[in-house]
Amino acid sequence: MSSVPVSAFLALALILFCIGLYGALTKRNTVIVLISIELMLNAVNINLVTFSKYGVNPSITGQVFALFAIAVAAAEAAVGLAILIALYRNRRTVNIDEMNQLKN
Amino acid sequence: MTLTGEFFAFMSLALVAVIGGVLLLNLTKVIHMVVALVFTFVSIAGIYVLLSAEFVAVVQVMIYSGAITIIMLFGIMLTRHHGEEAEPKGGGLRKLLLFLGVLGFGAAVYLGIYDLNFEAVPNTLHENNTEQIGISLYSQYIIPFELTSVILLVALVGAIVLARKDDEKEGDKE
Amino acid sequence: MDFNYFLTLLVFSPLLGILLLAFMPKANESGIKMLGVLATLPSLILALIAYFSYRGGNDLANFSEKFRWIQFGGQGAEQSGMFSVNYELGIDGFGLVMVVLTAVIATLAALASFHIKKEWKGYYMLFLLLEIGMLGVFTSQNLILFFLFFEITLIPMFFLIGKWGYYEKEKAAYSFLIYNGLGSAILLIVIMVLFSRTGTSNIEMLRMILNTENAPLVAPVSESLKMGLLIALLVAFGVKLPIFPLHSWMLRVHVEAPPSIVMIHSGILLKIGAFGLIRFGMGIFPEQFADLTVLLAVLGVINLLYGAFLAFIQTDFKMVLAYSSISHMGIVLIGLGANNEAGIQGAIFQVVSHGLISALLFFLVGVMYERTHTTTLANLGGLAKGMPIASGFLLAGAMASLGLPGMSGFVSEFMAFFGLFKEMPVLAAVGTLGIIMTAVYLLRAVLAITYGKAEREFVGISDVRSFEWAPILVLVGLIVLIGVYPNVLSEPLQATLETILMGIGG
Amino acid sequence: MENAWLIPLFPLVSFLLLLLFGKKLKEASAFVGILATLASLVYSILVLLERLSEPTYKAETVWLTIGDLQLTAGFEVNQLNALMLVIVSLVSFLVHTYSKGYMHGDERIPVFYAYLGLFTFAMLGLVISPNLLQTYIFWELVGVGSFLLIGFYFYKESAKAAAKKAFIMTRIGDVGLLIGMILLFWQTGSFEYDEIFAAVEEGAVSGTMITLTAILIFIGAVGKSGQFPLHTWLPDAMEGPTPVSALIHAATMVAAGVYLVASMFPLFNASETAMLTVAIIGAFTAIFAATIGLVQTDIKRVLAFSTVSQLGYMMLALGSAGYVAGVFHLMTHAFFKALLFLAAGSVIHAVHTQDIEKMGGLWKKLTFTGPLFLIGTLAISGVPLFSGFFSKDEILIAAWAHGNYGLFWLAVIAAFFTAFYMFRLFFMVFSGEARSEMKNVHESPSVMTLPMVVLAVLAVVAGYVNTPWFGSFLGDWLVEGNEALGHGHIAGPGWIMIVATAVSLLGILLAWMMYSKKSISRDWLSSRAPIVYGIVKNKYYIDEIYNQTVVFGAKAISLFLRFIEIFLVEGIVKLTTAAVQALGKTGAKIHSGQVQTYGTIAFVGLAVLMVIFALTGGYL
């Protein structure tokens, strides 16, 4: 039996998620925003893996899903950066404050 | 709770991860932030090991600490103007609001999880972990696995197209 | 006689007129006007048939009709009839009276609309749509259907005020829409809460379910929730009625809308508030209603006095009448506040009576405005010289309004106070001050118009003309009929009253 | 008697006919009115004769159903009703006839007769009502008839104001009646007179309640009968045509208040306080109005104040348990006051002015009117052998016998004043020389003088139906079978009659010395006590006081409410719109196009919801 309770892992995930969320919504540099999102995904992965070991029905599925999530995150990071660069070429900035195309 | 090695390992890893996160928020130079986050990613990999997910841990180190961080650094290098995070203007209220929101959210979720404890079920995840994952991926999750590859392909192609299209456009302009 | 689709026909008969009008060339003025009036006649005839067949002994339950319409929830729900919204029409005595009143006033207002100066086609189409809405409101047996019809009255009214009104018509129209929109929003909330918690929106079912112990409910309806719903209803219909301090939209409408529309508005639309309060407030939540009587009576007295005192210093005749409507709606509230047979009957009488009287008064305002082009009291005077007949009827209308015996206003006023004196004599005594003030402000205004020295420019004006006779005579006739022989109205109401009073337990 | 309900219907028919066909009938419409009232008169007399030998008749039908309650309407013929029917229809008939001459040449004769018909209908309906509700209904209708007739000359501002005032002042009283009536209903369970009396007798109603309702009902009577403090409308009501004044403001409508108190007499009698209130108000009004009458110069206003004063007498009688005296005086007063008004109308008709300062020396020119006016004056002054003498005597005796000594002396002084100002009026109009140029002074046509002759005869002889000398036929008949009403005749000390005679003769003498012989200066009072004179001349400034208090108060309340309307109600509206606008503007600002802001808001919203759910355990 583990000496570390499930809630500790979950709490860690929660803290990381909150940090990521806060970063994603406050940081002005788009790259950092993307990284913060990655952090949030990681926090979710921790949960997945935690439950795969300590959940009601421990099974390998949680880990498999974490893998999928990592794969998708990687794809997302790649596409995100591509978009970022495209945008940067157009507007000469990565400052998120100035990206308000939604407004018009 | 006994002070076992596992616990000690968890605590230190968690500490490093959180510190990395906090540094992400508080450092001023973008590069530093990314580097700070590498610590977090690596310690998360450590957490995976504690959770008997060696394969995932390795993947974590490779993809996050390796690939994604490198991509991000490239991104910064390709785009950066000022190396520093410019001081936001007038966003104080929003930040405060958000901080409260995050705090509230965290508290609410913590309320839900703090005394969560499942009946411990003996499992064999740590034995031949990689093999188990492989078997699972190629039997039960074969279709998602294939779809993932499609996604990666699409992302690859998409990223290239996005990057190239603008080149052509600029080329047209010039 | 088969009454299967009778009410549907009655309610939707103006639709025929709308369709025909759609194919009418725009330039054909007299044709449009004729058609507009004729289109209101079928519902009038059907309403009268219903009334007389009821007086002839036909049971009103025969008029009920019901079709399955919308079904929420799965197959199981369909079996049990829960969460189904049916198309249900039906009338009780009160509804019947209101339907007849609506049909009569709609026809007369259509006649009065001859004074309208432009775009008759659009006007009459909206007008007929409005009539459908009003008839539907009084006949629907289902809250959701009621709400639909209720909304149907809002939209045409908005355009009718906004397009054919006077100087500040747009503002008045927006006021109207916003206030009433808020009212309907609250109403919708109430309806939805009831629907979701009981699984039915049929008024009779609700009445039964909510007033029986241990009735099968989807979710519990606590006493405090009931009270909350009733207060929400009070606000929703209070906007319509209107109850102080929710009345300011109604003043604008009265002043800015064309007189024929005000006839409808003051005659019928305001009454939907009273109708709703009696039908839903009293009908569905009788116990909670009994707890609110003091509040209602106090509000009634406030309305009565507030309207009366403000009417006393108005300089425009339309404003006087607008405040007088507020004041008279206070009597409805007083009657409801009394919460006994006499009071409720008085409230219903006041609804009908004020409908007729205000229609008459506003029609006469229209007639006079047509000739003098002003409604400012200071500019008017001595009209009894130039138009003795119109002045005479104006005086008669004022007398009816101030509660002269022999006219309908007295019967309702008397009964409302009669009821309230039984329950709260002191409050009622305060309220009687309103009776005096009513006389004061009405005489002040009417005498300023008709008596006194004739303004020179008004000497040569013509008196009541051909088509103007009909509304005047019909309205005065009805007012006097109810005043002299009130049983013509009170007998159809007895059954309804019994149902309501059974709920109260008194 | 079974068809007594027809009596009010004749004038109603006349009213409706004249409304419909008045324009075509023109002056002929007078005949419609006259015939209708004649029919009523004949029928009333028949009913009275029948009633002399038969018991009270009562018939009812359901008028209004309120749940289990059934309010009825119907008619009743008892002694008082039958008597009133005759008085009302007689005076009404005579006034109708008289108006034929008086209104000659007015193009609105049909309207005039229509109004008269409406009024007569209402008045007759009032007197045969068997219950309070029906009484109230006709009570109000009478008020409308009066209102219409006062405002008959609608183009005159003064007439408009007077009509309005009359209606509103009486309505104040009416509300008292309404409240009293409804309270009484909830105490006794009925509007019917007999059932109310039965309940009162059984003691089903508490003493305070009896006093309260009696006083409230009395307020109604105060309004209608022009008693202090609601008397101010009656003198102003003289703006109407003079026959109207004779009919409404002398003989019938103003007597309705007295009639009401008389018919509710058993209720009043059950409360000492109520009786005392009635008596005091009556006596005070009698003396109060009499003093004002002393100095008025408008012929009709003098008569108006004398009416107020005489009505006060009747109230005093009723308040002193002198039921018979009150009703008796009501009857005699109806005759001689109607006579006086008609004669005054005849004078006005002849000289086209109402100011007695401009009249004089008309005795020779108006050979009929003069003596007729004199008869009326003698009757009202209480000169022996005329009808007023007997009825006033009864009242004084009643007041004395009931122990109201103070009020008794007040009444005696009022009698003295009455004699004085009536003869002042008579001498100023008829004796001496004309004080202004009078052209075309001619006697009225016979259609006007004949009704006056009839009234004059009645003014003389009507008193003999109830005298201490030949027997109190009227009194005995009125109280027959109803002990609650008191005795037919109240015996009093003999000196009262002597005192009454003395004061009236003294008043006449004084008036003669002042205005005919001029041995006492006319300015005697105005030069010595100008302030008192000014106060009395201006009717004690009651109108002004009302203007300053009640009217001003109502205006102030209205303005205050308008303040609320503008600042509070509209303020709430404005606040709401401003709030909505501010919200909208904030919303527009938030939509800056920045994803992070959107995200923040969405997330904070989510967080708030989550916190709420967490705190409430998932239930809202």
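By written order: A, B, C and D. Residues from 1 in each chain.
By our rule, contacts are C-beta pairs under 8 Å (C-beta built on N, C-alpha and C of every residue); 3 or more make two chains touch, one makes a residue touch a chain.
The structure displayed is predicted, hence computed values, not measured ones.
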{"item": "Neighbouring chains shared between subunit A and subunit C, ordered by label", "value": "D"}
{"item": "Of A-B and B-D, pair with higher C-beta contact tally", "value": "A-B"}
{"item": "Distance-maximising chain from subunit D - centres being C-alpha averages", "value": "B"}
{"item": "Inter-centroid spacing, subunit D versus subunit B (mean Cα positions, whole Å)", "value": "98"}
{"item": "Cα-centroid distance, subunit B relative to subunit C, in whole angstrom", "value": "67"}
{"item": "Rounded Å distance, subunit A centre to subunit B centre (Cα mean)", "value": "5"}
{"item": "Approximate Å spacing (C-alpha centroids) for the pair subunit C, subunit D", "value": "38"}
{"item": "Of all residues in subunit D, the ones touching two or more other chains", "value": "600, 603"}
{"item": "Where subunit C touches two or more other chains, by residue", "value": "none"}
{"item": "For subunit B, residues that touch 2 or more chains besides their own", "value": "94, 98, 102, 105, 109"}
{"item": "Arrangement of touching chains [line / ring / star / complete / other]", "value": "other"}
{"item": "Chains grouped in pairs wherever the two touch, ordered by label", "value": "A-B, A-D, B-D, C-D"}
{"item": "Of subunit B, residues touching subunit D in the complex", "value": "94, 97-98, 100-102, 104-105, 107-109, 111-112"}
{"item": "Complex contacts: residues of subunit B adjacent to subunit A", "value": "1-2, 4, 6-7, 10, 14, 17-18, 21-22, 24-25, 30, 33-34, 37, 40-41, 44, 47-48, 50-53, 55-56, 59-60, 63-64, 67-68, 71-72, 74-76, 78-81, 85-86, 88, 91, 94-95, 98-99, 102-103, 105-106, 109-110, 113-121, 123, 125, 129, 132-133, 136-137, 140-141, 144, 148, 151-152, 154-156, 158-160, 162-163, 165-166, 170"}
{"item": "Residue numbers on subunit A that touch subunit B, as the complex places them", "value": "1-12, 14-16, 18-23, 25-32, 34-36, 38-39, 42, 45-46, 49-50, 52-61, 63-64, 66-68, 70-79, 81-86, 88-90, 92-95, 97"}
{"item": "Residues of subunit A defined as touching subunit D within the complex", "value": "21, 24-26, 33, 96-97, 99-104"}
{"item": "Footprint of subunit C on subunit D - complex, ascending", "value": "62-69, 111, 133, 136-138, 140-141, 144, 151, 154-155, 157, 159-160, 163-164, 167-168, 171-172, 175, 178-179, 182-183, 185-186, 554-555, 557-559, 561-562, 565, 568-570, 572-573"}
